[in-house]
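Note that subunit A is present in both complexes that follow, paired respectively with subunit B and with subunit C.
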Partner chain A sequence: MRDRLIFAGQLLFTIGVAAFLVVPVILSISAGVTVNYFRGIASGVTLQWVAQVWNLYYDTILLSFLIAFATLLVALAVGVPAAYALHTRGGRLSRLIEECITLPIAIPGLAIALALLLTYGGFRSFRASWLFILTGHVIFTMPFMVRSVMAVFATVDVKTLDEGAASLGASPARRFLDVIVPNAAPGILAGALMVVTLSLGEFNLTWMLHTPLTKTLPIGLADSYASMRLEVASAYTLIFFIMIIPLLVAMQMLADQGTRK
Partner chain B sequence: MNVTAGHGASVRIDCCGKTFADGTRALEPATLDIARGETLVLLGPSGCGKTTMLRIIAGLELPDPGGKVLFDDKDVTSVAIENRNVGMVFQSYALFPNMTVADNIAYGLKIRGVGKSERSTRVAELVALTNITGLENRRIDQLSGGQRQRVALARAVAIRPRILLLDEPLTALDAALRDRLRGELNRLLRALGITTIYVTHDQAEAMELGDRIVVMRKGEIAQIGAPREIYFTPQSRFVAEFIGAANIIDAPLDRGDLVLPGGRQPTGSEKSQPSAVAMIRPESIAIVDAVNAPLSGTIDSVGFIGDRQRLVVSGASAKPITVDAPNTVKVEIGDKVGLLIPPNAVRLLPPEN
Partner chain C sequence: MSHRSFVWLCLLPLAVVTAAFFLLPMARLVVVGAEGPQGLAGYLAILTEPRYRATLINTVVLSAATTIVTLAVATIAGMFLQRHRFPGRTVLIAMLTFPLAFPGVVVGFLIILLAGRQGLIGDISSHMFGEKVVFAYSIYGLFLGYLYFSIPRVILTIMAAVQKLDVGLEEAARSLGASPWAVQRDVVLPALAPAFVASGAIAFATAMGAFGTAFTLATNIDVLPMLIYTEFTLAANFATSAALSVGLGVIAWAILALARSLSGSAVAAAG
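Right after this comes the complex of A and B.
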């Protein structure tokens, strides 16, 4: 009897907390498909707001994906070899570089953006292109890629695997592709999902760096919140959810797989 | 089938020392010649520099300036490991978890551009040679320790290396398996006939596998010799104590006799000196009647091991003497016994260290 009471209490508490977090999400989403939010859902359900957002902002959504995947490419091409080099080299210098790469996690995005503007703002065409935002995103997401790959390197003895492949005659590049990358795959995948998710949702830095022609999804979101009717802003949130949730689920599934192993 | 082709290279290590970046001296400059087809064992306690020496030969470590590594009289000091054509078996095996057993074994051949059909023939040969038939398509994490060890060996041998390097290949296995694999490994190395350098801290492994043994201590070579030489005529106290069991006796020498509390023990020498160090192996001491024995003492403990018994005798020398007696000898603690030691079983060691 007592156990049941405790169980019921815990269940209620959990449901309460979950509801506290989930209800705003549901409200926001439902607002996006309601004809008139002030009259409530009774006013009817519509996709007109979603369509309107798509028409107004589809370019920001496309640009967001372009930047997210470009960021991913750079993070893979630079981050994975960097993690490998930092892991195998070791020593004080490697630790120092690792700390420098990690720094952007602690520094506010606004500060990073300001530094970028101060340094490169003078290069007009670079400043005005989406590559400027890409630069910011790479700086911001790189530690997540490097860290997650290095975490895998710490669990599989890559140094010995590398030496093993070398003893069989493989060149450094060959070793990296045949042995290091496949064995770091879980970390690379986790890092990749994290990079894409973070890049898609990044606001701080992007807000400082963007121009009217280089708006990303979250910037558009802020824009619509500030200047559009509530239903449109909510429809925008809905689109954002649809894009980001599959990524989050994939990330979680990957993490589960990792712990089961 | 060319698995047994003896095409090893000779190895010369010339004045190779190793100082690590943090200043630790892992290896004092050492010079060593290894003949074509020879199996040389580097033996010593952990931290003695044996693995460093192996890694220098492999090309995984660069010797300090001035040191040279030569394969068949050709200087390979600055040649990277991938171009030295050496086969290596690592203590942790370093098998690739992302590949099957067959792919692991064939990897070196694939790198060398060997065609698919030839690769699979070679894999089949090696799988048969190392007794792992049937495991070709397994993943590495589905193998037992002993199976992994065999795959690692097959992979190292697959590329027909000039020199085979083994870094404590049996250490990660349990004792019974280690003994069995040691015998197998011995037969295999003899059949392959390639130059082999084998690192271990296990003296039984060293004795069984080595044509010659290099005993190392604190980054220096303590002694080089055939197993029997190392066992019967150690040149220092360290080697005597590290290889097998040994009684080390400090006593004055009087006209060739060790003067001990329990009597006099002839050594075959004629010298007299105030202090000498002698080594006597436990199995070369016979238990006899105390009456008339040149050396006598009292049984302190009796350890029955099965094939023999290990006795500890006190009173004969300043320190108790260990005796390996046949399992038929009947003695009890407190018995007064005589010790009969042939003079040629007493090895006088240089007094230093």
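Right after this comes the complex of A and C.
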């Protein structure tokens, strides 16, 4: 009896916490498709707010995708070889480099953005282009790619594979592309999903780095929260959820697959 | 090309990108922080200037409260979810973890929908008591927002730690006559301590630097990220904002480094 009571209490508590996290999301989704949120869902269901958001903010959505994929490309091209090098080299210098590139996770984005602005803000055309935001996103997401790939190297015996291919006469570059990269695929995929998800939702850095002509989706969101009616802000948030939730689901599935192995 | 030089070549792009767009700018930030009218003493302003000090204390208290409440909530829920199997469990876990990647701005907006002027809590309270409760734009709203993005992160760490607990120890304690409460206090909670330190540090550091949520909600609450932002953009006070961000960065980094040396596991925060 006592155990049943404890179980019920804990269950209710956990459901309460879940409700705290989920109810606002449901409110937001429903507000985005309601004719008049103040009068409630009874006023009718509509897609006019979603359409209005698309008209007002479609450029922010496109720019966000552009930056997310550019960030991904850089993270792949720079991060994957680096993860391999850090793993094979080992030693104190590699530890130090790893520590160094992990710092942007600990240091608030605001500080990194200020640092970038104070250093490169004077280069007008760079400052005004979306590449300026890209640099911030690359610095912020790089540790996730590198660590995700290194985590796989820790479980796969890369050294033996590498040496095996070398004994067959393959050049270092060939070995890297044909042996190392395919073996690191799960880590690369997990890292890639993380990089795209983080880049799409990045606000702290981006808010400082953007210009009126280089607004990403989260910047547009903040803009709509401050100046638009609740229905429009909600419809915009709904579009963001539709973009981000498949990525989250994919990440979860990948993680589940990893634990089952 | 030898293997050795190939490995160096692999490292080169990362070294260049990190040096040019992270290390150099951070060094510049540290230098600018000391270029104000007070020079190096500008770094002490965060402690000596009453307004900055009050903001710092505000931020630390808010982050500490967030951390403590998050740990308590996540431990109760995480332990329960890991120890029991029942229908709907996976759905519940999914619901508790999916807000993990929501940006701070979105969390701020969700808090407005919950406790803002047209919010759910206000609606319910005005129906029940005839009085509209609105607290989204106060420090309580910010606190709720910080809880919102901390809970998913911490719950995952706690669940993983609970899974690794040795159930035999608890059974041994029980068979020796310990009450359920004593088992929790003397066996389970001490075993979870490293997870508390690791995830608590993440929650604390994230709350210290959280800008998006504060930006959406905090029209008149002083927290450190908002102070830095207003000093930089509205007052164009570059030296002060640089010194304050270096201070904030050092605090966040130190907390995570300390936690890592205490708990011995990898500790990381995000956005």
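Everything that follows uses one rule, which is that the second predicted complex is superposed on the first by the 247 of 261 C-alpha atoms of A that agree within 3 Å, B and C clash if a C-alpha of one lies under 4 Å from a C-alpha of the other, contacts with A are read in each partner's own complex, and residues count from 1 in each chain.
Please note the rule applied: a contact is a pair of C-beta atoms (placed from the backbone, for glycine too) under 8 Å apart; a residue touches a chain by one contact, two chains touch by 3 or more.
Keep in mind it's a predicted model, so treat the numbers as computed, not measured.
After superposition onto subunit A, the partners subunit B and subunit C occupy separate space and fit alongside each other.
Look at A:Ala250: by the touch rule set out above, it reaches neither subunit B nor subunit C. Of the two partner chains placed around the shared chain by superposition, subunit C is the only one that A:Val22 touches, whereas subunit B remains out of contact. Looking at the shared chain after the overlay, A:Leu76 reaches neither subunit B nor subunit C. Look at A:Leu66: by the touch rule set out above, it reaches neither subunit B nor subunit C. After overlaying the two complexes on the shared chain, residue contacts for A:Leu103 are found with subunit C alone; subunit B is out of touch.
Within the superposed three-chain model, A:Val179 lies in touch with subunit B and out of touch with subunit C [touch as defined at top]. Considering which of subunit B and subunit C touches more of subunit A, the answer is C. In the superposed model, A:Ala166 lies in contact with both subunit B and subunit C. Of the two partner chains placed by superposition, only subunit C is touched by A:Tyr84; subunit B is not. Put simply, subunit B and subunit C get as close as 6 Å, counting only Cα atoms, in the superposed view.
Residue overlap on subunit A between the subunit B contacts of one complex and the subunit C contacts of the other covers 166, 171.
Contact residues of subunit A toward subunit B in the complex are 91, 156-157, 160-161, 163-171, 174, 178-179, 182-183, 185. Looking at the complex, you find that subunit C touches subunit A at residues 1-3, 6-11, 13-15, 17-18, 21-26, 28-29, 32, 73, 76-77, 80-81, 84, 86, 92, 94-106, 108-114, 118, 120, 147-148, 151-152, 205, 208-212, 215-216, 225, 228-229, 232, 238, 241-242, 245-246, 248-249, 252-253, 256-257, 268-271. Subunit B contributes residues 21, 58, 60, 80-83, 85-88, 90, 92-98, 107-108, 111-112, 155-156, 159, 165 to its touches with subunit A in the complex. The touching residues of subunit A, counted against subunit C in their complex, run 7, 10-11, 13-15, 17-18, 20-25, 27-28, 31, 37-38, 74, 77-79, 81-82, 84-86, 88-89, 97, 100-112, 114-116, 118-120, 135, 138-140, 142-144, 146-147, 166, 171-173, 176, 197-198, 201-204, 207-208, 218, 221-222, 225, 230, 233-234, 237, 240, 244-245, 247-248, 252.
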